[in-house]
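Okay, so chain A shows up in both of these, paired with chain B first and chain C after.
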Partner chain A sequence: MTSRLEAASSGSHWDTAAFKRRLRRRRSAEKRFKWYGIGAVLLGIFFVFMLFSSIAINGVGAFWQTQIQLDIYFDPAEISEANLYSANYGKLVKQAMYSQFPEVAKRKEKRQLSRMVSVGADVMLQDLVTSDPSIIGTTQSLWFPIDDSFDMLYKNDFGRDPDKGGAGLISKNQLGWFDTLVEKGKIESRFNKRYFTAGDSREPELAGLRGALMGSFFTILVTLAISFPVGVAAACYLEEFAPRNKFTDFIEININNLAAVPSVVFGILGLAVFINFFGLPRSVPLVGGLVLSLMTIPTIIIAGRAALRAVPPSIREGALALGASKTQAVIQEVVPLAMPGMLTGTIIGIAQALGETAPLLMIGMVAFIVDVPGGPLDPSTVLPVQIFLWADSPERAFLEKTSGAILILLAFLIAMNIVAVIMRRRFERRW
Partner chain B sequence: MENSTETTNKERIVTRLDDTIFQGRVSESDGADSNLSQKYRMTAKNVNVYYSETHAIKNVSLSIRENEVLSIIGPSGCGKSTFLRCLNRINDIVVGCRITGEIMLDGIDINGGELDVVELRARVGMVFQKPNPFPKSIYDNIAYGPRLHSMVNSREETDEVVYSCLREVGLLSEVEDRINKSGTELSGGQQQRLCIARALAVKPDVILMDEPCSALDPIATAKIEDLIDELRTQYSIVIVTHSMQQAARVSQRTAYFNLGDLIEVGDTGEVFTNPKHKLTEDYITGRFG
Partner chain C sequence: MTGWTLVLLVLALSSLFYFLAKRRSLRVATTVGGIHKLHSAPRYYGVVAALLFAVPAMLVLGVWLSINQNIVLKIVLTEYFPELNWESQVDVDWLTSQIQILAQTGRLENVENAEVLNAAADRYQYLTSLSDTLRNASVLALGAIVSFIFILFISARLKARPIAETLIQGLLIFSSLIAIFTTIGIVLSVLFEAISFFRIIPFTEFMFGLEWSPQIAIREDQVGSSGLFGSIPLFTGTLLIAAVAMTVAVPVGLLSAIYLAEYASPNVRSFAKPALEILAGVPTVVYGFFAALVVAPYLSDLGAYLGLDIAHESALAAGVVMGIMIIPFVSSLSDDVITALPQSIREASLACGATKSETIKKVVFPAALPGIVGALLLAISRAIGETMIVLMAAGLAAKLTANPLESVTTVTVQIVTLLVGDQEFDNPKTLAAFALGLTLFVATLVLNMTALYIVRKYSEQYD
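== the complex of A and B ==
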C-alpha cells in the first residue's frame, strides 16, 4: 500500500509494466468495440443490398413484355357498325396467326398456335375498332402481348430448358413456331405499358397495377384527410392545453400503446365498427382509409407532441407577454414552428400506412377487382395487397409482376422518406 | 457613436450616484410616502407565491411608481423573477404555481375578474432574459402585438407603429434596409432591443424586464441601459438584475430580495450607500450571494 502510494507520488506509477499492460488492454478494447460496430453496419448493408438486388433482379422483367407482331385484317364480313360489341374479334387474331404458318392444318395444332397470343388480344382489337371504326376493311400491323408461358420462355428459357422447370407447358410444335417467329423478327420484348395502365387480371401478361395504385391513392388520401387534422389537434391539446393529471397520463399511455398495437387488430376493429355497425360498403378505400387513420393517428400525435415540445418556451412566453391568448400563442406562433416536425411524423405515418396489408385484408380489400377504381367508394385493392395477391398466384410470370410491384412500392416509400428528410433539413430552425 | 454613448452613460452614473449620495433623501418604506407627488402605477400587497410546496415569495408588499425605474436585486433563487412574473401573470402558465395577496394596476386587482389577462399583459409588457424574437421578420415581430389587439387597421398605421417603435429603441437606422429579414438574424443586443420595441408597440403602462442584459456584451448593455433611461419618461419600468452596477446606473429605487423575503426597498443611492439591513449590506459589499 505504502509502496504504491510512494510510486504514485513520485510519478513512477505511470511507468510500471502493469500500467502499460492496462493501457494496452484499454486500447484494444476500444479498437474491438469499433470493429464490432463496423461489422454490424456492414452486415446491415449486406442484407439491405441482398434484399434490394434480389427484388430488382426478379422485378425488372415486369416492366418488359414479350409481344408478337400480327397483321390484322379487319374483315368487313366479320365486323360492321352494327356488331361492334359482339363481333368475333378472336377470329381475326386467329386468322392472323394461321396466316403466319399456312402449313398448319390440324385442328389441334391450330388451337395450339392460336393459344400463343394472349387471350386479351380480342378485347384490344375491340377497343381499337370501337374507338375508330374507320379502320374496318384495312390491314393493320399490331403488337399483342404473347401468352405468359411464352413470355417466360423468351425471357429465361422457362419451358425449354428442363433445368429451369416449366416442362410440359409448351409443346414441341409451339417451340418450333415460336423460334420461327423470333427469327422472322415478329417477337420482341417491349416496354410493358399495360403494367401501369391496366387493372388486375388472371392472365399475367394482361395484369396491371393501375387498380392497386389508384386504390392506394384514394386510401392514403382518406387516411391523410382524417389522421392529419385529428392527430395535430390532439397533439396540440395534449401538449399545450390539457391539465396534467392522472386522466391525461392515462390517455398518454394509451396513445403510446395504440402505436404498438398489431395492425391486424385495427382491421378487425374496422370490420366491426365501420362495416358491421355503420354499414359502410366493403372493399372500399374509404373504409381502408378510416382503418389506416386509426393506425396513423397515434404516430402523428407522438411526433406532433415531440415537435411542440421542441419549440422553446420563450416563444410561447413572448407571445403571451404581448397579450396573446393561449390559443393565439399556440396557433399563431408555436404550431407553425412545430409544423415541420409534425409533417415529418405525418409522412412517416402515411408511409407506414401505405405499406400496410393486414388490416385491409380484414375489411375485404383483398378481393380480386379488375376495374380501376374511380373514387373512394369504388371497390378496390391497394399496392401491398396486390403484391400479396400476386405472390399467391401459381403462374410463373406473376413472380416478376410481384417483384415489380414491390419495387414500385419501395420507390414510393423511399420517395416519401426522402421528402420527410428534406423537409426536416429545410425547415429545421435553430434558436 | 459608441464612445460618446459610453461617456454619457458613465457621466450620468457618476452624477446620479453623487446626487443620491449627497442628497441623503428620506427612506421610502412602502405606503409611507404620501408626501411624494408621484402616483403609484402598481401596488403589490402581501403577495405570497407557492410553487407546489415551495414558498417562493413571502408576504411581499412593493409599489411601482409612475415614470420610475425600480430595480430588484438579490441572490439567485431569491424570488425576484418570480415576483416580476406575477406582475403580468405570466406565472399563470407555470403548473403548480399559486399566488395569494393583492396586486393592483391603477387601482384594479389584476387577479380579480375585472381585468382580463390579455389586457393586463398588453398594459404590463415584458422583456425576457434571453432575447426571444419570433422567427419572423423584424416588421412582423413588432406588428404582432398591435395586430393582435386590433390597434392598427391599415398597412399605413402598422408602418407608423413599427417605424416609431424601432426609432424609439434606436434600432431603425441599423435595420431599416432589412426590416423584412428575420428577427433572429440580428445580433443579441439588437434582438433584445427588438423585443423591447415589440413590447412598446402595444403601448404598455409598465414594462417588466427580467435580466435583460445578462446575455449581452458591455456595449449592447450600455445601449439598453441608455434606452431604459429614456423610456422612463413615458413608462414605469421594473428591472430584475444580477448586476448591482446596473441597478445603480439605471434605477431610481432598488428592492433587495432574499430567500423570498423583501428585505429592503428604497432610493437606489440610499440602498447602495447606506443600507438599513445587514443582509443588504452583506450582499452589496460582496460578502454574500
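== the complex of A and C ==
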C-alpha cells in the first residue's frame, strides 16, 4: 500500500520498474496471442495446399499414357469376314512385337516380349476390324497402351529402383527392349483418351472413368428430380403457410436433425427400405438417387427457407392488397424472388450428394462393373465410389488413376460452387 | 411400356387435361356471358384437372411399383416350390435370381429340376407382363376418370381456384412430411433388425462385452472366428480417433476463428475464410485417400525414423486427417458465434485498459462459450459418424487400446464391412450392423440435440 502511495505522490506509478515489467509481459502476451491466431490460419491454409498439391502431383499423370507404336499386318490368313469375332487378334499383336526384335527366339523371352503390350490390344484390334473390315490385308501403324508397369517405368524416375516398387515385375530383357524401343521413338507419352471413354477394368492401363461418370450423372439426375421439387415445396409450406404449433415445430426439429445424421445411417435406410422392403434392384442409380435425395432434401429446405425469409413482407402484403389469395401471393410473387437463393442452396446440396460415398456402398454400388450404364436402372458405380475402389487396388498405376479421378471430381465440385457463388452475386437483391 | 415412359406419359396427359379443362371453362364462359362471369380464371380449371390426373396416377404407380415385384415372386414361388423354406433368405434369394435370369435370357436344359424352373420362369414372365399391363391401364384409367369427371362438372359457379389451392397446399404439406417419414424410416429400419439381433445376442453382452469378432466359425476348429459381439472396443476406437481429430481441429479451428473475427483486416478475412472453407467442400473419400496414401505412409516413415512403431493403419493418421476435415466446421461455427457478440462488451473491456488478447480471453471467449461448446459437440458428432476416412485409413481388427499409434476400428467401419456384400438376415453378423447403426443414430442424435439446446438456451442473452 505504502509503496503505491509513494509512487503516486512522487509523480506516476506508471514509472515503476514492476509496472513496466508487467506492461512488457502483457504486451508480449498480446503479440504472442496474435501470432497463435496467424499460425492457426496459416496451418489451415497449409493443409488445404498439401491436400490439393499431393493429389494434383499424383494425378496429372493419369491423363497421359505411355503408348507403343506397332505396325500391324491384318493377315487375311488369320481374319476373314467369317471369323471377325473369333479371330486370333492377339497373334497379330505378338507378331508385330516379335518383328521389332527378330533376334529373340526363346519361347520364354518371346512371352516376356509380348507381355509388354497391354492385354487389351487384341480387343482394340477386333473393334477396329469389325467397324471397318476393309482394312483386312493392309498394314496399319497403330498406337497401343503399354502394360502398366512399363507405363510407370516411363513416367517415374524411381521406376527402375526395385526397392521403391518400380521395376519389380520387369525382367532385365524387358528393360533392354524397352530402352531400345524408346530410342527408336516407338514409345511415347500420349493423351489418355481411354480414361474418359472406357469403363472400369482390372488392368490399370485399360481402366476408364466413363462408367463412373455416367453412373454419377444418372444418380444426380434422380437426386435432383426428387429433392428439388420436394425441398422447395416443403420450404414454402414451412415458411409461408404452416401455423406455429407443436406439429410444425416437430417437423422443423426433424429436418435439423436429419441434416446432421451420419451418412452411413442413410445407407442402412436405403438398404432396409428401398432394397429389402420395396424390392428395388441393387447397385442401380435409381436407388442411389433416392437415398441421396433424402440426404439432400434437408439442405435444400434450410436454404430455401432462408431465401424465402429474405423476401421482404411488403411483397406479400402488396400482392394481398391487390386481391391475390395467399397461395397466389406466395407462388406468383414470393417464390420467383426467392428462386436464386433456393437454386444456390440446391446446387450446394447436389454438390454434396455428388461427393457422397458411404451410403452408396451399402446399396451395392460398390460392385465391379465394366459396362457403361445406359440408364438409371442399369447397375453402375459412381465417381466417389470408383475412387474408393481404385484406392484399394494394389497396382501402383492405380494410385495415379485414383488421383486423376479425384481431380475430375474436384473440378466438378469447384465448377458447381463457382456457379452457386456467381448466382448469389448476380441475383442477390438488397431490399 | 417401362416405368419411365409411363411417368412421361402421365406428365404429357396431365398437360393435355389442363388444356381440355381450360378450353371447356372458356366455352362455359361464352354461354354465361364472358370470362368475368366465371368464378375463377380459366387456368385454375386447367390446374385442377391436371392435378386430379397426375396425383392419383402417381399414387397408384408408386404403390404398384413398391409391392408388385414381391407379390409376383411370392405367387410364382408358392406355386412351383411348395416345399421352399421361407425362413431361409439365401434359398429364397437364390431361387429368385434363378427365375429372373431365366425369364430374361432363355430356358435351361439338362439340369436337375430344369422343367420346374423353366415353368416358373414362364409363369414369372407372364405374370410380370400381366402386372405391367394392369399397372399401366389402372394408372392411366384412374387419373383419366377423376380428371374427366371434374371436367364434366365445370360450370360458372364451380370454385376452381380454392380447389386448386387446397390441392397445392396438400402437396406442400406432403412434401414437408417427407422429413418425418425419413426419420421414421431410419428408426424402423434399424430398430427391427436391432431387436432381432438382441434376441440372439443379449443386450448386456453387446453393450459391455470387451471383444468384437463378428465372424462366426463355420468349422469348429476355425481360428479367430468366435462370433463375439462386445461393442466396447468399437466405441473406444471411435472415441480415440475422434479425440485425435478434435486435438487437431479445436486449436486450429478455434484460434483461426478468433484471429479472423477479431484481428484480421477485411482483406485477409475475405481471402482466408473461404480458403479454409474449401476444406468443408472436399468429399470425404478424398480425405480417405489422402489419409491412406499420403499421411499414413508419411507417419509410418516418421515413426520408423524416430524409433516409434506406428502401425500403417494407425488411429493417428485417420484422426489427423479427420481433424483437418473438421477444422472449417469448428472455425466457421465459432466465427459466427464470436461475430454475433455485441461490440459494446469489447469496447467496455478495452476502455478498462485491457489489451485486445485479454479482452478476448476474459470477455469475448466466456461470452461466446455456449455457442462454441455447441459447435464442438456438433463437430464431435460429425467425427463419430464419419465413415470414408476411417474405412480407408483405419484398421478392421477391433483392439481395446488408448494408444493412437496402434490400429483400431470404428463403429462406422464395422457397419460398412458387415453390410457390403452378401447379407443374411438370420445371422447375427449382418444384424449386428443394424444394432451398431441404432447406437450410432442415437449417439449422434443426443449430441446434436444437446448442441442445439445449449446454443439456443445460452447464446441469446445479449440480444
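The criterion applied here is as follows: the second predicted complex is superposed on the first by the 383 of 431 C-alpha atoms of A that agree within 3 Å, B and C clash if a C-alpha of one lies under 4 Å from a C-alpha of the other, contacts with A are read in each partner's own complex, and residues count from 1 in each chain.
Keep this in mind: contacts are C-beta pairs under 8 Å (C-beta built on N, C-alpha and C of every residue); 3 or more make two chains touch, one makes a residue touch a chain.
A quick note: this is a predicted structure, and the numbers were derived from the prediction, not measured.
When the shared chain is aligned, chain B comes close enough to touch A:320, but chain C does not.
Within the superposed three-chain model, A:191 lies out of touch with both chain B and chain C [touch as defined at top].
In the superposed three-chain model, the partner touching more residues of chain A is C, compared with the other of chain B and chain C.
Once the two complexes are overlaid on the shared chain, A:36 sits against chain C while remaining clear of chain B.
Shared-chain residue A:46: touches no atom of chain B or chain C. Contacts of A:14 after superposition: neither chain B nor chain C is touched.
Of the two partner chains placed by the overlay, only chain C lies in contact with A:241; chain B stays clear of it. When the two structures are aligned on the shared chain, A:368 is found in touch with neither chain B nor chain C. For the contact definition in use here, the residues of chain A common to its chain B contact set and its chain C contact set are 325-326.
Interface of chain C with chain A (complex): residues 4, 65-67, 69-70, 73, 161, 165, 168-169, 171-173, 175-180, 182-183, 185-186, 188-190, 193, 251-256, 258-260, 262-264, 272, 275-276, 278-279, 281-290, 292-294, 324, 327-328, 331, 355-358, 360-361, 378, 381-382, 384-388, 391-392, 412, 415-416, 419-420, 423, 425, 433-434, 437, 440-441, 444-445, 448-449, 452. By the touch rule above, chain A contacts chain C in their complex via residues 26-27, 29-30, 32-34, 36-41, 43-45, 47-48, 50-51, 54-55, 229-231, 233-234, 236-238, 241-242, 250-251, 254-258, 260-269, 271-273, 276-279, 294, 297-298, 301, 325-327, 331, 351, 354-358, 361-362, 366, 375-376, 384-385, 387-388, 391-392, 399, 402-403, 406, 409-410, 413, 417. Residues 244, 312, 314-326, 328, 333, 337, 429, 431 of chain A are the ones that touch chain B when the two sit in their complex. Touching chain A in their complex are the following residues of chain B: 88, 90, 93, 95, 118-122, 125-126, 128, 130, 132-135, 144-145, 148-149, 184, 195, 198-199, 202.
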